[in-house]
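Structure in C-alpha cells, see below.
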C-alpha cells in the first residue's frame, strides 16, 4: 500500500462523487423552473440506487472474474472479499478501487437523464434506469475495464469515453426518440431558468473531472499529473472554441455556450487523457467545441427533442474522444501509439469499440424502454406536463422568492 | 512524517471546512427568502468566532493534557508548542491535527442554528453560541477524543456521532423549546424558499463528509478507504429510504426528502464509519431514513418548532448511529466488536456515552440560554420577525431579481 | 518523485482551478441580475484563454531560464521539455508544477474584472485581458517566482500577494478610472442581486484557497500544513473583524461584510502564509478586515467606480499582506526573519517589491487600456448598459423564474 | 359589478382570504407589488455605504364582485388587513362594465 | 376606450398573443399573478407534513382598446384561453377615461 | 377620484418618483410587468437556436389621486418617463368610485 496513492484515490473518489450533485445542478439550471427539482432528483437519487446495486452485484458483474469476455462473475457479490487490503496489481485498498468505480457507475446513467427531462414519470424512470445500469452499464464497463473483450482487443479508454459518454449519449438518443417531444417544443421557449446555476454546475463538473481523469491512473503518478493537465487544456480550449463558433455563426458568444463547450471538452479528453500530451489535448478541445455546437444545431433541424443535448455533447463528444485517442495516442504517455504515431490499427480498434458500445446500447436501451412503457408508462400526462414534474411527481416547488 | 498522510489530512481539513459554507447553503435554502442571509450568517460567522476561540484556549481545553477525565489543561493555549513537527503517535504535523479538529469545532455549533432559525437576535446568538462552544463542545470533545472519561471507558465515536450530532441535536431541542415557535407556525406555510439551493448544500456536505469521516482515520490508510466507502453507502441508502418512506406514507417521494435522508445517513454513519463494513452501513442507512422521517412527522404533532429539523435529523440520527456502532462494530475494521459480534458490553458503553452527552448538553444549553435571555433577550420582536432577520439584524436583502 | 507530494499537488491544482468558477459566482452575485452572465463570463472564459497562452509561451515567459531578471526565455514554449518527469529541485512532475502555476495565471486577470463590471464590451475585454496577461502577469510572475530580480532581491511572496493581489488590484484601479462610472452610479442602487450566491462564491474561494496557499509549498510538508492553518485563521478573523467594523460604524454587521472580510483575510495571508505562525495570522486578519472596509468607504467618497471593490480588497489587502510579511516573517516557519524578529531590511525589500509591482502594473495597464480603447472601444453604449451586458454582449438572460 | 382592489401588508393575505371566504367570495387574483407611501422605507448597508429603500413589499388583491356585496367586501378586507400601523395600505373600488368566465363564456353577474 | 383585463392559465399566453395579433391589437401588458378560485390548489409535501396551496400561478393581461374592438377582443381572448377546464380564468372590461402615449404625448384613441 | 396607471421603462422609475414627489403625491404602487408592443424584442441565443423574445421588462405604477391633480400627474409622469424612443409606454386614467385607507378607515378624497 502506498499512502500517497491512497490519499490521491480517496480524494479522487470524493471528487467524482461530487460530480453527481454537480450534474444535478447543471441539468437543473437548464430546465424550466417548474421542472428543476424533478430534474435534480434524476441524478441525486442514483447516489442511492446505484450504490446499493453496486454492493449487491454491480461491482462483481463489472470487475469480477471474466466470463467469456462479456461479464464478470458473482464472486464479489455483496462485496465479499473486497476489503481494506491492497488490491492485486495496485497500491491501494481493494475497497477504494471499488468505491472509485462506484462513482462512475452512478454518474453514467445520470448523464442520460438530460434527454428525457421535463416529461418522464418518476416511477418509470426508476425502473428504466435500474434496468439500464444492470443490463447496459455493468457489461460495457466489464468489456472495457473489467477484463472483457474490448480490453483484450486493446481498446484504449482511459477514463471512460466509450463506457460512459458514448454509452450514455446513445441511450439518450434512443430515449429522446421513444418518449417524444415536450409539449411546446418548437413553439414555446423551453429555455434554461437559471444559467448561473448551469455555470456553477459546469464548474463543479470540471473540478470533479480532475478526480475522474487523473484518478483513472489509480496512483499519484506522472501519468495522473499529465492527465490532469490535458484535462484542463481540453476543457478550456473547448469552452473557447464553442463560444467562438457561436460568435462566428450567430453573432454573439454565449455563456451557456462556453459552459457547454467546457463539458464537451471534458468529455472528449476523457478516453484520451492518459495517452496524450498538451498539444493534442488542445487540438481535441479545439475540435470538439464546434463539433458539438453543430451537433446541437443539427438536432434542432432533425426535430427530436433531446432536451439538454446529451447526444450532442456526450454522444458526439465521446465519439470524437474515442476516435481522437486512436489518432493522437503516444506510447510515451503510457498507452500505445495511435494513427498519427504510425499505428493505424489502434484507430480501427477504437472505432470497433465505439461501434460495439453504440450497437449494444441502442438495442438494449430500446428494449428496456419498451418494457417500462408497457408496464407503467413512460410519460406523464398533458396536465402534469403543464404543471411541471416538480409538482406532479414530487408535490414540491423549487422556489418561493 | 508521512507525505501521503499529510497530503490526505490537508485535503480532509479543507473538505471539512467546506462543509460549513455547505451547511450555510443547506440551511439558507430551507428558510423563507427574507431570512436567508441571517441564516447563512449563523454558520458563516463561526468560521471566525470558533477559529479564534480554538487558538486561544479551545484546542487546549479539548486536547490538552487530561484533567480528571473532564477537560484538557491549558498547556496548548495560544497554540503554544503546536507546530509543524509531527504529532506524537501520528504521522502528520501537530498543527495539521489541530486544524482538522478546528473544523469540527466550527461546524458543530453551526448545526444547532437550524432549530432557532428565523427568530433569534444576532447579538444573542453570538453570546449564546460562544458560551456553548466553550462550555459544551470543548468538554464533550475532550471526553470522547481528547483522553477524557468516555474515551477511557472505551466509547466508540469514529468521527463524532456523540460529540457532534447528539450533542448539537439535543442543544437544538432545548433551544427550540426555549425560544418558542415562529410567528405563523401551524397556520402559514413556512416553507423552503430555494430547494435547489438545499440540494446543492446537501451535495457539498456529502462531499465534505468524506473528509470528515475518512479523515478521522488521521492517515491515508485502509481504514480511511473503508470509512469513505461506508459513508457513501449509508448516505445513498438513506436518501433512498427516506424518499421511499414518503412515497409509502404520503404518496410521493420528494427531493427534499432525498436530500434530508442523505444528511441523516451521513449523520448516522459518522460514529460507525471506522468500525463497520459495507453491509452494516447499508442497514444503518436504510433504517435512519424512515427513522428521521418519522421523527419529523412526530415533531409536527408535538408542536415545538425545531425550524429545520435539527433534532429529527442530527439528534435522532446521531443517537441511532451511536447505538448502531455498538451493534455492528467489528474488530476486523479497526475497533472492537459490538453486540452482533458477541460483545453486548460495547452496546451499553455506547448508550452510556450517548446518555452522558444528552444530559450534559440539555442542562448546560438550558442554563446558557437563560443567561443570554436575561442579559440581551433571545428573540427579535414581532415587527422584526415579519420583516425578516435579514433586514432587521443585518440591514440587507438576499435577492434582487 | 514522492507520491504524497504528487497527490497533494494534483489536488491543490484542482482546488485552485475551482477558485475561478468560485470567483465567477462571487462576482456574479454582486452585480445586478441583468449583468450576471457577462460577469461570470469574464472569469470563466479565462479558463480557456489563459490555458492556451500558457502552453504556447506563458509558462516559458514566466518560468523559463531567466533573461536579465525580467522575463523567462522561450525554452519551454509549447511546453517543450515539460513532461511527467520530476522537476529539478522538486519531488513532483514538471507538468504538475506547470499545471499548478497555470491556475494562478488564470485567476489573477479574472480578479481585475470586478472593477469594470457591468459596462465593458466583451470584445474589448478579451483583447485587453489577453494583452494584460502577457505583458503584465507573465513578467511580474517571473520577477517573483521564476528567478527574476525580485526573487533575487529576496522578496517574500509565498502564494502571490504581490504577483496576484497587488498586481490585479492596481490594474483594477486604473481600469475603474479609465472606463468611467456606471450609469446611475451615486443615484441608483447598484446592489448585489444575489447575496447567497456571493457567500457561496466566497465559500468556494476559501476552500480553493487552501490549495492556493498550502499548495505553494509544492509538497505535502509541515510548511504546507502550517500555511493551511494560518490561511484559515486569517480568513476567519477577517470575516469577523470586517463585520465588527460595520457593527460599530454603521450599527449592523452584514453578511456581505463577513464574506468580503473573509476574502480580504485570504488575500492578506497569501504572501505571508509560509512564513508566519498562528498568532501573527490572527493579527493580519484582524487588521485587514477594518482596513479594507474603510478602503471601500473611502472609495465611495473618492467617486471612482470600482464596481466590486477589487482595489479595496485585493489592492489594499494585498499591500497589507506584503508589508505584514515583512513585519511578521520568522525564519522558523521557512523563510527569513521580518522586522518584528529583528530584520528591518526584509520590510524594506517587501516595500520595494510592492512598489515595483504597483508602478509597473499602473503604467502597463493604462497603456493597454488606451490601445484597446482606440481600436475597438472599451465601453458599451448607453442603451446597452440599460439592457445589461447579458443581453447586449451575449444575447442571453440569467434567470427565468 | 365592481372591481375591488386592495394593497396591503403581505402577511395579512391569509387573514383577508379567510375573511372573504366568510362572505362567500370564491375568487380573487393576487399580485406581488412594491408600495411607496408614508411608511418609512428600510435602511440597507452595502460595503460601507448606506441607502434607504423606499419601496416596500406589498400584495395587491383584485376581487370582482356584484354591486350588492362590494361594500361588505371592502369592510371585510379592511378589518382583516388592519394592523393600525402605518403602511396598512389602501382599498379602492372601480366600476366594471362586463365580466366573462373564460371556461363557460358566461357573462355579467353570473360570471363572477 | 376600454381596459380589458384577463386572468388566465400561463401556458395560454402565446395563443392569446397570436389571437390578438390577428385582430391587429398591437400592444398589451402582462403580469404574473396568483389566482384563488374554484380550481383546487395543489398539495405540497414538506418533511412529513402536507399543505394545500390555494394560490395557483396565472397570468394577467391588460389591453387598452378602442370601444369598437373591445367586444371582439374579449371574444378572441376567450376563444384562445379556453381549455374547458376549471381555472381558465376571467375577463373583465373597464372604462378608460383617458390614454396617453408617453413617447409622443398623443392622447385618446390615437394613443392606443 | 382617479386611478392613473402608467406602464414605462424600468430605469425611469426613480425619475417618475421624483416628479410625483414634486407634485406632493405621497403614494403609489409599483408592479413589475412585461410589455408587448411596437418596440422590437431582443434576440436570444440558446445552443445554436435563436429566438426573439417579444415581452420586454416594464414597470407599471398605479396612483390614486383626486380629480383636480390627475391631469398634472399624467403630465408629470409623461415628462419624467419620456425618452423619445419607442417602448416608452402608456398612461391611462380610470375613474375610481371609492377609496379607503386601511389603517384609519377614512374614505373618499381623505383616504388618498
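Going by the order they are written in, the chains are A, B, C, D, E and F; count residues from 1 in each one.
FYI, a residue touches a chain if its C-beta (ideal position, glycine included) is under 8 Å from a C-beta of that chain, and two chains touch if they have at least 3 such contacts.
As the structure is a computational prediction, the values presented were derived from the model and not from experiment.
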Selected pair, out of A-E, A-F or C-D, that shares over half of its residue contact pairs with B-D: A-E
Taking each chain's centre as its mean C-alpha position, how far apart are chain A and chain C in Å? 33
Using mean CA coordinates as chain centres, what's the gap between chain B and chain E in Å? 50
Two or more partner chains touched - positions in chain E: 31, 44-46, 94-95
Pull out every residue in chain C that's touching 2 or more other chains. 2-5, 7-8, 11, 191-192, 194, 200, 250, 252, 254, 256, 394-397, 399, 401
Between which chains is there touch? A-B, A-C, A-E, A-F, B-C, B-D, B-E, C-D, C-F, D-E, D-F, E-F
Touch list for chain E against partner chain B, complex: 44-51, 53
Interface residues, chain B side, partner chain A - complex: 2-5, 7-8, 11, 15, 32-33, 191-196, 199-200, 202-204, 206-207, 210-211, 214, 219-226, 228-229, 232-233, 235-241, 243, 250-256, 258-259, 262, 277-279, 282, 333, 399, 401
Touching residues on chain A, where the partner in the complex is chain B: 1-11, 13-14, 17-18, 20-22, 24-25, 28, 36-38, 40-41, 44-45, 47-52, 55, 78-79, 82-86, 92-93, 95-96, 98-99, 102, 122, 194, 197, 200, 390, 393-401
Chain E-facing residues of chain D, complex: 1, 3, 17, 26-31, 64, 94-103, 105, 111
Which residues of chain D touch chain B in the complex? 9, 11, 14, 42-46
